[in-house]
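Okay, here's the structure, questions in a sec.
A, B and C label the chains in the order they appear, each numbered from 1.
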Amino acid sequence: MKMEKLKKLTTGSNKSTTKLIATIAVIVILYAVMTILDATGSLTSLMKGLLVPVCAYSLVAVGLNLCVGYLGELSLGHAGFMCVGAFISAFFSKAFRGTIPDVPRFIIALVIGTFFAGLFGFLIAIPVLRLRGDYLAIVTLAFGEIIKNVINVLYVGIDGKGVHFSLKDMMALGMEPDGTVIVNGAQGITGTPRQSTFTIAVLLLIVAVIVTHNFVNSRTGRAVKAIRDNQIAAETVGLPITKYKLIAFTLSAAIAGVGGVLYAHNISSLTATTNTFGYNMSIMILVYVVLGGIGNFSGSIIAATLLILLPEMLRGLANYRMLIYSIVLIALMLFNWAPSILKWREEHGLKAIIKKKKEVQ
Amino acid sequence: MAMHQISLADDGYGDGVHRNIIFEREFLVMGFLTYLINGLSLGSVYALIALGYTMVYGIAKMLNFAHGDVIMIGAYLVFICTSNAGMPAIVSIVIAIGCCTALGMIIEKIAYAPLRKATNLAVLITAIGVSYFLQNVALLVFGSNPVSFTSIIPWKGLTFAGGQLKITGNAIIAISVCLVIMIVLMWFVKNTKPGQAMRAVSEDRDAAVLMGINVNATISLTFAIGSGLAAIAGALLCSSYPSLTPYTGSMPGIKAFTAAVFGGIGSIPGALLGGLLLGIIEILAKAYISSELADAIVFAVLIIVLLVKPSGILGKQIKEKV
Amino acid sequence: MSLLEVTNLGISFGGLRAVDEFNISIEEGELYGLIGPNGAGKTTVFNMLTGIYKPTDGKIFLDGTDITGKKTAEINKAGVARTFQNIRLFGDQSVLDNVKIGLHNSFKYGTATGIFRLPKFFNTEKKMDEKALEILSVFGLDKFADVLASNLPYGKQRQLEIARALATNPKLLLLDEPAAGMNPNETKDLMNTIALIRKEFGVTILLIEHDMKLVSGICEKLTVLNFGRVLSQGQTSTVLNDPEVIKAYLGE
């Protein structure tokens, strides 16, 4: 009897594996469709340009979903971690352009970008995780803004003597004539090698989905979920709260950093503006997470893809497209969450109609 | 308080030998006072915006991200009334307050009220949607080019210490308007029936329902007051910083929200304190440290305050009962 | 040496003295009851014993080690587990996972092992599943292993909370009103369960309870708390016949 039970349980854990496979399948199908559209020339150049950013933002959304859905904390600073990953990896790639061959350089840039985004997440989490709820959200927002702000006044150059930093201007770097400025204040980093291809982006997205899936379905993940569900009970069964919160937040920030690395290696001029890495972007990513379903990684990816592509598809409507976008967003939220509408859907929705038909038969 | 410090600065200094040093010192003091007053003036505007955030948060337990954009709409309304229709400032302000009050109530009815029993995050995202909506409506109607807002306050202000210290009319009006509103609001919440209903709903919504309080009407009233104040804040903000675009409200909105958290979200005096402090820190940081890093410094101070006092300066700490 | 030795335990909230000069000594294997009127400070004692509140004065010794003022998680590792008056399960996780979380400190593998699904992950998870099912089957909950904890009926939720506490392998189990909200039949079942886990797990139990039938039926010793102070202490039958206790319960 025991064996039977165990077997049944393994089927239980297979359920989550099935979900994982379904998520990967969705990504692969989207990838195939886009590649075919591209090969037949049916993609506008704008759409083509969005393929890698869609993956980058999907990655950040997956990272944020880990934080919101499983750690149960609202972060409004994930664009900041993306920013760290983007700038550090772009810095590395530009600094070692010509010294290290392309492929290993990109791999190292990816590792460094991910590591530093995770490190920033870790350092920020130490003080921040003492706070709860909306206070935590506003402090992460503040950290995100600080990161963006500091990068905007940051000047870094390299010459024969080594690396020079300044928060004032280019002249203050005091560089030798042979030196090059790599990070140029508000102008950011220009000329990062454009190595993020759609294929690499999709592969990284799949890896991130597998990592997060395995994480939330492991011993550590259970502990994180327990803390989310009931912190006091989690303490009384002997879970070190801070440790697991830190692990989850750090992983979440690191995944956002991967998104940053992809993003940085896809554009020629990387700047930290409100719309690229400010709170606006953090909020946008939160929109993907909530709309796609809290705790649902594939949902985040689908929502990110649709919402990034939607304004492009609405381009024909010119000035009205962002207005329509906002109305769609409000309508979707009401449709998915308003209790009265949910009740109506239950009574008159598609499922109810199908059920009624069956009853009639 | 500012006036008091000005008179201190007038106090007789020594003579002769130290004149140069004293002159320099006086110059520094005057400079500092000017920044301080500018900071108070900006802080007053933040406080007015923060009030809208804090009241809505206290009563509806939601972050109304669209609040900053109501400010922008208010400023545009004042702009149309004064510059396009040539109305007197006071009439334009009244019209803007009326329109924004109505706007706030309509937004609440259409977008937030249906989600009252849904999760906080759903309401937050809806508020973001409303924020985009308002920005894009403004973009369609007014275009993306900044319009130049003419100050609604024609008064040039006061001059002290032989012209070294100027206090603009904008600053004096902003600070006084903010203080008056704050006092009236505190009286209103404490002593009137609707005010008491607001406090009751913020304390315990379910219990308030049982006590026969009309929760929907109370929340509606809160949005009305907050949005009306936003119109005033918009006019004051653009009188000091005259470039007006559809995105004007966004950053002050976020900062005012920060101010509300800073002072202790849900607390009216906290919004005042948080707003004023934030304004002063921002202006002083701009003047003495770096104008590019001013925002970073403001946010850094917020973080430090919250780490020392997790519920803000005047906020109440809520402990979970086991 | 007693398993639990508490001396002069006290706590103040602001000016309010919630518990004062609380002493208790529980021998290994005992089933001990903590009773008293509402607001007497019983749950506060539990909260101090488990480190949720830091006591203002007094000492708590578990098996000879001082655990006073330690962190909740540390106290659990030292051997104290508890349940709550208002049930606190991990509602969004399955019944099995709730118990597996209780096993967290007995079966270990690292975060990276989990992410990369190394062989140790599969071995340990299998052992955890077996152990968790074994504990669940004591309560007859094994057939609900896949159900979400929040979807269990109320009585079963209380049992699951006990199962989860037992999974942490405690020396001392604190039960906060285990029979609250149960009908007489369920209470009777509960009494049997408590007797059973005592035997199966060899655990010492301290319980808070209002149901006098349950208390007098299973507890060997009692402590009565009133207004934060110990009113009476000793063998169950002696305590229940103490005129002071009767007065406190029935009024003058």
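We adopt the following convention: a residue touches a chain if its C-beta (ideal position, glycine included) is under 8 Å from a C-beta of that chain, and two chains touch if they have at least 3 such contacts.
As the structure is a prediction and not an experimental result, all values here were calculated from the model.
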Distance in touch steps, counted as few as possible, from subunit A out to subunit B: 1
Centroid-based (C-alpha) most distant chain relative to subunit C: B
Chain occupying the most central position, where position means C-alpha average: A
Centre distance in Å when subunit A and subunit B are each reduced to the mean of their C-alpha atoms: 32
Mean-CA-position distance for subunit C and subunit B (Å): 50
Mean-CA-position distance for subunit C and subunit A (Å): 42
Per-residue multi-chain contacts in subunit B, two or more chains: 322
Contacts with 2+ other chains: residues of subunit C: 52, 84
Multi-chain contact residues (two or more partners), subunit A: 232
In the complex, subunit A residues that touch subunit B: 68, 74, 127, 130-132, 134-135, 138-139, 141-143, 145-146, 149-150, 152-153, 167, 232, 274, 279-280, 283, 286-287, 290-291, 294, 319-320, 322-323, 325-327, 329-330, 333-334, 336-341
Complex contact set, residues of subunit C against subunit A: 50-52, 71-73, 76-77, 81-82, 84, 88-94, 96-97, 100-102, 104-105, 107-111, 113-117, 121, 124-126, 128-130, 133, 142, 145-146, 164-165, 167-168
Subunit C-touching residues of subunit A, taken from the complex the two chains share: 2, 5-6, 8-9, 12, 211, 214-215, 217-223, 225-226, 228-230, 232-241, 247
List of subunit B residues in touch with subunit A within their complex: 57, 63, 65, 111, 114-115, 117-119, 121-122, 124-126, 128-130, 132-133, 135-137, 139-140, 250-251, 254, 257-258, 261, 265, 290, 292-293, 295-296, 299-300, 302-303, 306-307, 310-312, 320, 322
